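These notes open a run of structures that come right after.
You will see subunit A twice below: alongside subunit B first, and alongside subunit C after that.
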Partner chain A sequence: METEYSQFNILNKQTTKCGIEKITVDKCCFKKFISHLKNSAEFEANILYSVMACDTSDCIELNYNLFSEKLNRYLIITVLTDRNNPVCDTVTDLYKSAAFDEREIFDMFGVFFEGHKNLTRLLMPNSSVGNPLLKDYNFQKERSVHYETDL
Partner chain B sequence: MSILLKPIDTIYNWARANSLTPLIFAASCCSSEILSLSAYDNNNIICFDNDVTLGNPRNADLLIVAGAITHKNAPVLLRLYEQMPEQKYVIAMGSCACSGGVFRHNSYTVLGGADKIIPVDIYLTGCPPEPRALQKAISKLKDKIMAETISMRTKYLDSHTTDFVLSENQEILNSVNKQREE
Partner chain C sequence: MKPICDSDMIINIGPQSPALYGSMKLAIKLNGEIIKSVESVIGYNHRGIEKLAESLTYLQYLPVVNKIDYLSGFMYMEAYCSAVEKLCDINVPERAQYIRVMLMELNRISSHLFYLGVYLSDLGSKAQFYFAFTLRDEILHILQDICGQKIMQNYFVFGGVKHDLDLNALNKICDFCSSFSQKVKELENLIIDNPAFKARTKGLGIITKNKALSYSLTGANLRSAGINLDIRKIKPYLVYDALEFQVPIDDSGDCFSRCLLRIREMIESLKIIRQCSRFLIKSSGEYKNNDVNPLQIHPQSNTVISHVESPRGIISCTIISDGSDKPSRVKWRTPSLYSIQILPELLKNRYYSDITAIVGSLDIVVSEADR
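What follows is the complex of A and B.
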């Protein structure tokens, strides 16, 4: 495994309690890494279960949960984005299931996915201000919502 | 005057109170209690007639708001309320529709109660209220209808208009967009 991924800039590698491998990749080569995992014959990651985000006050952490039917194995890819200017590449051209997850993360955390075709708010109304799952979200100030005409 | 109106009121109110046509706004889990009510109240003694078609705001007089109202759902509820013909009544069913319930504090999606956008006649608490409680709420509403008079109709109409207007003008949306850019 290690010799296979040596060409990518891997920052950290650990195993969770359930035995799932968690790999932290640098932001610049993460798209290449995922497409490599999808296309390589060794780890054929054909399912993207979910994309999750977490605000760890230093950065916004994105977790991609991949699954390989061939090996019957899970893999978690972690990318760290800058908190002040969160930008990341989209994976919708590789996995179509990522479209809604990325829209939700854009809504809740304000992460901008470059190359996403329809990056609009999913759960909150379009007129709402702020991203509610960020740690510095002010509930009292940003809660007031104006309703739109287009239902 | 009131002596002349008394028999008219009685007949008019009796006809309206016993032919309530509901529109069920099923936002979340409380709406499953309405389904169990239809099994419970199989003779339709207390509640509405099940033969009438449900889910049509143009024919309905009673709006049952069942469940938590989110900010995204609120304009839909308001539009449905506006589509109903006059002399309309609203039951807020469940704690979420009454006051926001467990989602009241520091929630970014849930509105604190349906009465923030539409006027509510009967508040029915419970999480969720059981079918018998809904029966009692409807019978209370019938008592309320029976107490009305035609001469007080303007007073009724004033109390049943919504304060909230769907923002027709673009100014509010523009101000929000400016805030977002800053």
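What follows is the complex of A and C.
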């Protein structure tokens, strides 16, 4: 397994407390890595459970929760994006379920997914300002949200 | 005959509509009676439940959790409690585990009965609606006796449950099991032998294996496509590995099979409840871990994920802690979000009248998707 993944730029490998392997990959080759995991006969990650973003102080971390039905195993692929200019490739062409997840992350964290066909806000109104799940989001300032009337 | 209008027409269903299960909007482009495209819009019920976690302590966040989905509160409580228990290495006593499993399965039955009642009434069969809701009411009364609440129970705590089950409550559950086992078969016959229901749902809204996996569907929606994936079997949590039950699967993937699978799941849940109540009547023990002080939860910085099989699919709760008494980030994976996502694909090129049959069969709770 180690030798096979060596072609991808793996930055870190750790195991979470609940025993799930977490692999941090460089942003430039993470999509190739996920596509490799999906198509390889060895792992066959056929379900992308969810995509989760997390605002650490210096970057925005994206976690792709993969599951291999064949091996009955979870795997988390982590990508770190720049906090000031968060851009990442979309995986909607590999997993259709990522479309809403990526829209939610765009909405809540402001991460721009290149190649996403309909990258609009998912949960917040289109007229709202800012990204609420960022740690520096100011509730007092961004309080006035105008709801659209074109229902 | 010349058509009155050959151009496309846009119809919005919702956000407030009796045909949808919560506040969501389906913007539908119609040509005559054929649906050309659909866009699903959600977010009308967004309560910021993930953001709330950052400002509340671990215990303060606990009652918020079962408000994510009003139909399966126990499942969300379990997902959150087990994540915190993993984070702080808290053991749950065996008796508490059995109580949790039993209540979760009662919750599963009540949720499926709600689904059946509403789905069948949407398709015009009012008798089954009253039949299913009367049965559901019996469960809600049992839950009210045990927890004090019918739907937002708030009964689980870190390391166990709030108080023990007495013999009276267990006897009530046993009585319910014996009466329900007959009635669920009646309910199944009402659906299997119902030509009107079959004509509306068979061969409609077919989800193939690949589509179900690609859209990350879980629960009965995935199992109706022929994939045997149930977290209770493949990654057992609590005492599920000690219990005997089957996971019903089907491979037709249409609305009819999704409905039928949920009825069969109720029969399996009944088996689990019987085994749990038998254990709880016989044995005694602690109902919670007395070493845990829920006010003093200070985990080290770590990441934990817990998965729970809810009536709608797999719930997962991810907690990232930073060493303080408040979580740094809580992420919920809610199965309804992914069921909503597949709607445009299922509704395309179908008749307008098929909307209720397809949307209803997926068991969507919009408040769960919106969080």
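Throughout what follows, the second predicted complex is superposed on the first by the 151 of 151 C-alpha atoms of A that agree within 3 Å, B and C clash if a C-alpha of one lies under 4 Å from a C-alpha of the other, contacts with A are read in each partner's own complex, and residues count from 1 in each chain.
Quick note on the criterion: a contact is a pair of C-beta atoms (placed from the backbone, for glycine too) under 8 Å apart; a residue touches a chain by one contact, two chains touch by 3 or more.
Computed from a predicted structure; not experimentally measured.
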Overlay on subunit A: subunit C relative to subunit B, clash or fit: fit
Partner chain(s) touched by A:C54 [first = subunit B, second = subunit C, both, neither]: second
Touched partner set for A:L80, first subunit B, second subunit C, both or neither: neither
First (subunit B), second (subunit C), both or neither touched by A:N46: second
Per-residue contact with subunit A, leading partner among subunit C and subunit B: C
First, second, both or neither for A:S128, with subunit B first and subunit C second: first
Apex subunit A: angle to the C-alpha centres of subunit B and subunit C, given in degrees as a multiple of 10: 50
Touching partner for A:L119 - first (subunit B), second (subunit C), both, neither: neither
Touched partner set for A:I34, first subunit B, second subunit C, both or neither: neither
Subunit C versus subunit B - closest C-alpha approach in the superposed model, Å: 5
Overlap of the subunit B and subunit C footprints on subunit A, listed as residue numbers: 123-125, 132, 151
Subunit B - residues contacting subunit A, complex: 71-72, 74-76, 78-79, 106-109, 164, 166-168, 172-173, 176, 179-180
Residues of subunit A defined as touching subunit C within the complex: 16-18, 20, 22, 46-50, 52, 54-55, 63, 65, 69, 72, 74, 95-97, 99-100, 108, 121-125, 132-133, 135, 151
Complex contacts: residues of subunit C adjacent to subunit A: 12, 15, 25, 42-43, 46, 48, 50-51, 54, 86-87, 213-216, 227, 229, 234-235, 302-306, 314, 316, 318, 320, 328-329, 331, 333, 337-338, 340-341, 370-371
Subunit B partner contacts - residues on subunit A that touch it in the complex: 123-125, 127-129, 132, 137, 139, 142-143, 145-149, 151
